[in-house]
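After this come two complexes, each holding chain A, first together with chain B and then together with chain C.
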Partner chain A sequence: MTLLGTAAQPAQPLDPKVLPPKRRRGGSTSGTQRIAGWTFTAPAVIAIIVFVVVPVGMALWVSLLKWNGLSSPFGGGAEFVGLDNYKRLLSTDGLLRQNFTIGLRNNLYYVLMVVPGTIVLAFALALMVNQQRLKGRGFFRTVFYFPSITSAVAITVTFLFLFQNSGVINQVLGWFGISGPKWFVDSRGLFQTIAQALGIAPASGTPMWGTGTILGLPINQWLAGPSPALIALATMTVWASSGTFMLFFLAGLQNIPHEVDEAAFIDGASTWQRFRFVTVPLMKKSLTLVALLTVIGSWQVFDSVYLATQGGPQKTTLTPAFQSYQVSFKDGDFGGGAAIAFVLFLIIIVFTVGQRLISREKD
Partner chain B sequence: MAATTTGPIAQPTRTAGAERRARAYRPLGSWSRRTLVIMTALLVLGTILYLGPFLIQVANSFKTDAEAIQNPASLIPNPFSLDGWKAALGMDPAFPVNLPRWVTNSVVVAVSVTVGRVIIDCLAGYALARIRFPGKGAATALIIGVMAVPGVVLLIPKFLVIKQLGMYDTYAGMIIPLLCDSVGILLMRTAFMSVPWELEEAAIIDGAGVMRRFVSITMPLVVPALITVIILSFQGSWNEFTHFLVATSDPNLATLNLGIAQLSAGAAKGPSLFPMKLALATLSMIPVALLFIFFQRYFVRSIGTTGIK
Partner chain C sequence: MSRSPRPLRSRHRAAVAASAAALSLVALAACSSDFDDSASPSSSASGGGATLAAPNKEPLTIMIGSSGPAETTTVQDTAKAYTAKTGIKVTVIPAQDLTQQLGQAFSGGNPPDLFYVDPARVGLYAQAGNLYPYGKDVDLTEYDATTLQSYTLNGDVQCVPKESAGVLALSINTAAWDKAGLTDADIPTTWDQLHAVAKKLTTKDQVGLSFGATRDRVGAFMVGAGGWFMNDDNTQVTADSPENTQALTYLQDMLKDGSFAWAADVGAGWGGEAFGMQKAAMTVEGGWLPSVMSSDYPDVKYTTVAMPAGPAGIGTLNFSNCWGVAAKSKNLGGAVDLVKFFESDEQAKAAAKSFGATPARLSLADWTKENFPDQVVYLENLDKSKGPVPVPGFDSVLADFDSKIEGLKTGDPATILQETQTNGEAALTAAQG
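Up next, the complex of A and B:
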């Protein structure tokens, strides 16, 4: 590839078609150019400043206030409280911090389910659909991608139906002799249920080792695992987003030069070895990017929580994103809600920076 | 880019070589017959998993409430009932379904957002690709930079600004904030960059101004990208939910998605009335599903161009 690239390069300056226009124009910008440039970009820039930049600034300001959302945040109805909202969130014992910690725990379990689930499923689908001899590749690609373009509202309504107590999911589980849980009622965590079944944890109450707290939440609650409702939401997300990432992986697979794989084949590598030591390393960048993108998406889960569970049962599907909405719009504590949004922003931006750095890397 | 650097000379030798060796070597993407059978079986299983929920959704919308609860997995409604669809169409006075209103709002918003985005994205995309002006670097950085701001974090802040601007509970407040579309601008910018500069240069010699070159010379050459922007904008605003949730409270401004959500949380709450809810969900999916069937490759194109959804 590099060899061919350099060989073709000297021809490039002779071919006027590929020259960037600005080099040919030369000279300084003329008055009309400048005015046209500004006029053309103004609508986009103004919209972004008014509805993204200013809102972020305003939210930062509101996160320093005690404000109920009714009066103007710049008037007398709002009291400046400094970092109090952040303290209430991260260090002072109270409902806000307790719920925030529960939300963090839930969202961590959600990430741990959605990210590996999406990557494995999307990668497997891409490998299968990439198969050259397979008939109807286009059909399968369409089917797997279709859920990605439908609305969260429609999908959530359907999944609530599938995950009912006597719904399709529990019927299918029944065929295998498994008695499914009451998905949106049972609040026990997965690990808690398993531990209780094995007799490691007591059927009720807090075990001796679980009384210590991290961020105000007892250790046994941290370790309880995802509730059935959270598992259902994660299943829905994996199902609905794997098609997009399948296409992402497919593009990467089609970029792998045949020569490399062929060389491994000639050297006598088995199919598994070629997959493990040729395909996977060459797909490392795609895999990392998808991992980061799904992490970023998973920390933003809101629609399905709002529509399916409103954080329940027993707060086991409460997430920081939903809490930020609930605290602001239902409890009228906009300062607290904005502070949650900012902490969430910090969590997400770390992964976004990583994603940008990797995207920029040369292959 | 890769196609131009590889060049027309290098390409043929490479393909011919690969073909000659292909008889002995089987690429990883092409398995033996036995593996192929297993893989096809897995793909059929996958099809059931991915298509099944939609089939169950449609089938159950034609069942009676009792049948949907008792026999949810059956794909043949027995007895066949149109009660769910009647209620979904607002013909059952027991449920506050204002379908004409919801659909009208959804159409007004989706069409306005699409038209607005097309204009804004084309103008900005052209300027960033073709015009030299001071501040261009900053504008590009801003447009790319805001893509990093997670949408869910903007929920409260957007509400604050909409309220401050007096746009709460108005169409303007539902439409204008959705006009920020970095992905669309970058898509158009890439498309404009790929139009040969000679075409515009010839027009300059003929005395054409910026506007003329933009509208009559380059626009016709970026139609595929334009269709992609139109489809993504319509799909995005039709499927939008959270923005309308915080930008409105007036039931008369509810879009189809918002209406369904409020109905499921209110009058039709809980594990009943599923035929009606599933009928509404099916209805709400139809426009985007039709777009997808007819313009599938444009959906896919967006992933290749932006690298992210």
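Up next, the complex of A and C:
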């Protein structure tokens, strides 16, 4: 009897007419297939259990402790504090909650920029590369995919260089008469700058309106918008990850039969109508998948923040993942860091479940 | 969605069995007694108990956060020399990320015997009972008293500096100085003079003074005004004080009239870069500046002077690293003996010649002055300096302070310091609790 169950056998003899067709004992085809299936997936399953499931379980345990990382958390080296870390994170007025709320706000704007940006760019690239008439499609596919396989450090350093105060981006903007912001120094949010230009918000200092707080952060700060640094990081992520998702869309596009497209063309549909009423509905699955992956990925952004800005300027690129690292390794408060990670996990679950509900309703 | 050909009951059974396997793995790991849990931190914190035993034959490991190949080679050579002298085997482990690897080693119960410790982390390690305070086993008169303060907790000296502590000093671009028509008599010795000189040196392309927006530079001005984040024995947070407000207001005035700018505002990553790229005529940096300037910006001619005196006199910050000895070392006597060997004349001089780490012991101070004249200015005024705050968990508070002073030009110094005070008190309570 294997660990993973055998085919159910009836305990008593039943009426032969209603029994299912007699199975051969000791290894029917589906039984062997099942064993073979589990044997082939066993290494991956074991690896996932050992390197993902068990550490997640350990992290959950750590989030219930006050642990400084310098002794064993399993041998009584750390004090059990229950849900104290979560309380400090979500309800106690202090630096931990303040940073967490700022991180949530920043990450929310980041998600709102990266998800649509990546989907649009990747879809556009996939459409371009999918055209029959385009010569050298393989070449373009490689070129568009290249950023995804380039080292994140190399990309970040290059973008830091491009977005310098007097760097390439600002010089190009200067050609159009726009004086670009100091990308990694200016901490004012986009909407705040617009409001200041329109006179709704005071030129300096905090506005008098929107002083009520959500999770400890005033509403006018929630609405301040992404800072130039966050916009720069979002641009970098959209550019770097569009290649991978272009391949997802390409696979989806190539699954659309030519006949459907030709039939629409013969029926007299314009290019835009063909795109809107034929291509997009048939790409629902790819769109959902890419949206799901980008949402999950952008809520966990850490690399770019760590390499480029370390949370600055003035905490406008601080994200929960980066804060988890800072709190754990710099402050020696691994319990707090783990609590941040699990609250982030719950947020991502809420977003993905919500997304699946929305996409299912449309069906 | 139930399209599987397997009957529901066996799938259910399989799921239960798989999750039972996973949970049992977690339970096994949680209840594992592989870790050394004979830790009793109280013994280390209260002074280590009996007098130090003589070195035994147990091998020693050293973990270092090396500044480069020169340092690694030198430490390895010293280790070999010690083995030749005493017969105790010594292994050197250069760490990629010392903080992380050291933390992992401590939590795994198998730490290296000797390691570098940053004064900002010494409180965390001491509190966890990871350090053996060998201050009583060495001649402490050989070390500068101010530097030792950074490493003294609960009255015990936890470790001794591995090189002499360096302070921050003011570096001036001589070409810009001459161009502005300034002479040696104009070298600033007070804050007012610094402000005046910075104004004169500010041009369209170059700001008079620039350094990074961090407590590791602004703190020098806080000390110069007579304030600091903590009181002398690190038992009280003193961030919100009139002295600190005065220091921040002084810097804010300079920001407002354009004679001073943060390094990031002029497009540099730190003060030294702004200075080297000649975007700033003056900067405040430490003993690492000469080697960076000679390798990256060799064309810039400059001179370095002591920090100007504020209302409470000269104020600056000191930076150092110490040799930590693990409380769980199996050869405590050998580890402390090895520290003394590293600090001995021959080895300390070799280290200085190899990678510029000037010796910590005061009896070698004259030798240092002779052989490293460009470091002399960084070794003075130690008694007027403060080291990093050693309270565990203070890093977030200071990071928050750093992010707020980036906006000092339009911000309010009193509010910034009040918020730092509140956060600091919360962190101190959490650390003591």
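Note that in this section the second predicted complex is superposed on the first by the 296 of 363 C-alpha atoms of A that agree within 3 Å, B and C clash if a C-alpha of one lies under 4 Å from a C-alpha of the other, contacts with A are read in each partner's own complex, and residues count from 1 in each chain.
Just so it is clear, contacts are C-beta pairs under 8 Å (C-beta built on N, C-alpha and C of every residue); 3 or more make two chains touch, one makes a residue touch a chain.
Everything numeric in this text was worked out from a predicted model, so none of it was measured.
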Contacts of A:Lys284 with chain B and chain C, given as first, second, both or neither: neither
Chain A residues touched by each partner, larger count belonging to chain B or chain C: B
First, second, both or neither for A:Ser187, with chain B first and chain C second: second
First (chain B), second (chain C), both or neither touched by A:Pro73: both
Partner chain(s) touched by A:Val50 [first = chain B, second = chain C, both, neither]: both
Partner chain(s) touched by A:Arg34 [first = chain B, second = chain C, both, neither]: both
Which of chain B and chain C A:Met58 touches, first, second, both or neither: both
Which superposed partner A:Asn165 touches (first chain B, second chain C, both, neither): both
Touched partner set for A:Arg276, first chain B, second chain C, both or neither: neither
On chain A, positions contacted by chain B and by chain C: 4-5, 7-8, 34, 49-50, 53-54, 58, 72-73, 164-166, 329
List of chain B residues in touch with chain A within their complex: 4-7, 9-10, 14, 18, 21, 25-31, 36, 39-40, 42-43, 46-47, 49-51, 53-54, 56-57, 60, 68-70, 72-73, 119-121, 123-124, 126-128, 130-136, 139, 142-143, 146, 148-161, 164-165, 176-177, 179-182, 185, 196-198, 200-201, 209-211, 235, 238-239, 241-242, 245-246, 257, 260-261, 264-265, 271, 274, 277-278, 280-282, 284-285, 288-289, 292, 296, 299-300, 303-304, 307-309
Contact set on chain A toward chain C in their complex: 3-8, 30, 34, 49-50, 53-54, 57-58, 61, 68-77, 94-96, 99, 164-166, 182, 184-185, 187, 204-205, 311-315, 326-327, 329-333
In the complex, chain A residues that touch chain B: 4-5, 7-9, 11-12, 16-22, 24-25, 29, 32-34, 36-41, 43-45, 47-56, 58-59, 62, 72-73, 125, 127-134, 140, 142-155, 157-162, 164-168, 171-172, 239, 241, 243-244, 247-248, 251, 253, 258, 261-262, 265-266, 271, 274-275, 278-279, 289, 293, 296, 299-300, 302-303, 306-307, 310, 321, 324-325, 328-329, 334, 337-338, 341-342, 344-345, 348-349, 352-353, 356, 359
For the chain C and chain A complex, residues of the former touching the latter: 5-7, 9-11, 13-14, 17-18, 21-22, 25-26, 29-33, 35-37, 39, 99-100, 103, 106-109, 124-125, 127-130, 262, 264-267, 392-397, 399-400, 403-404, 406-407, 410, 423, 426-427
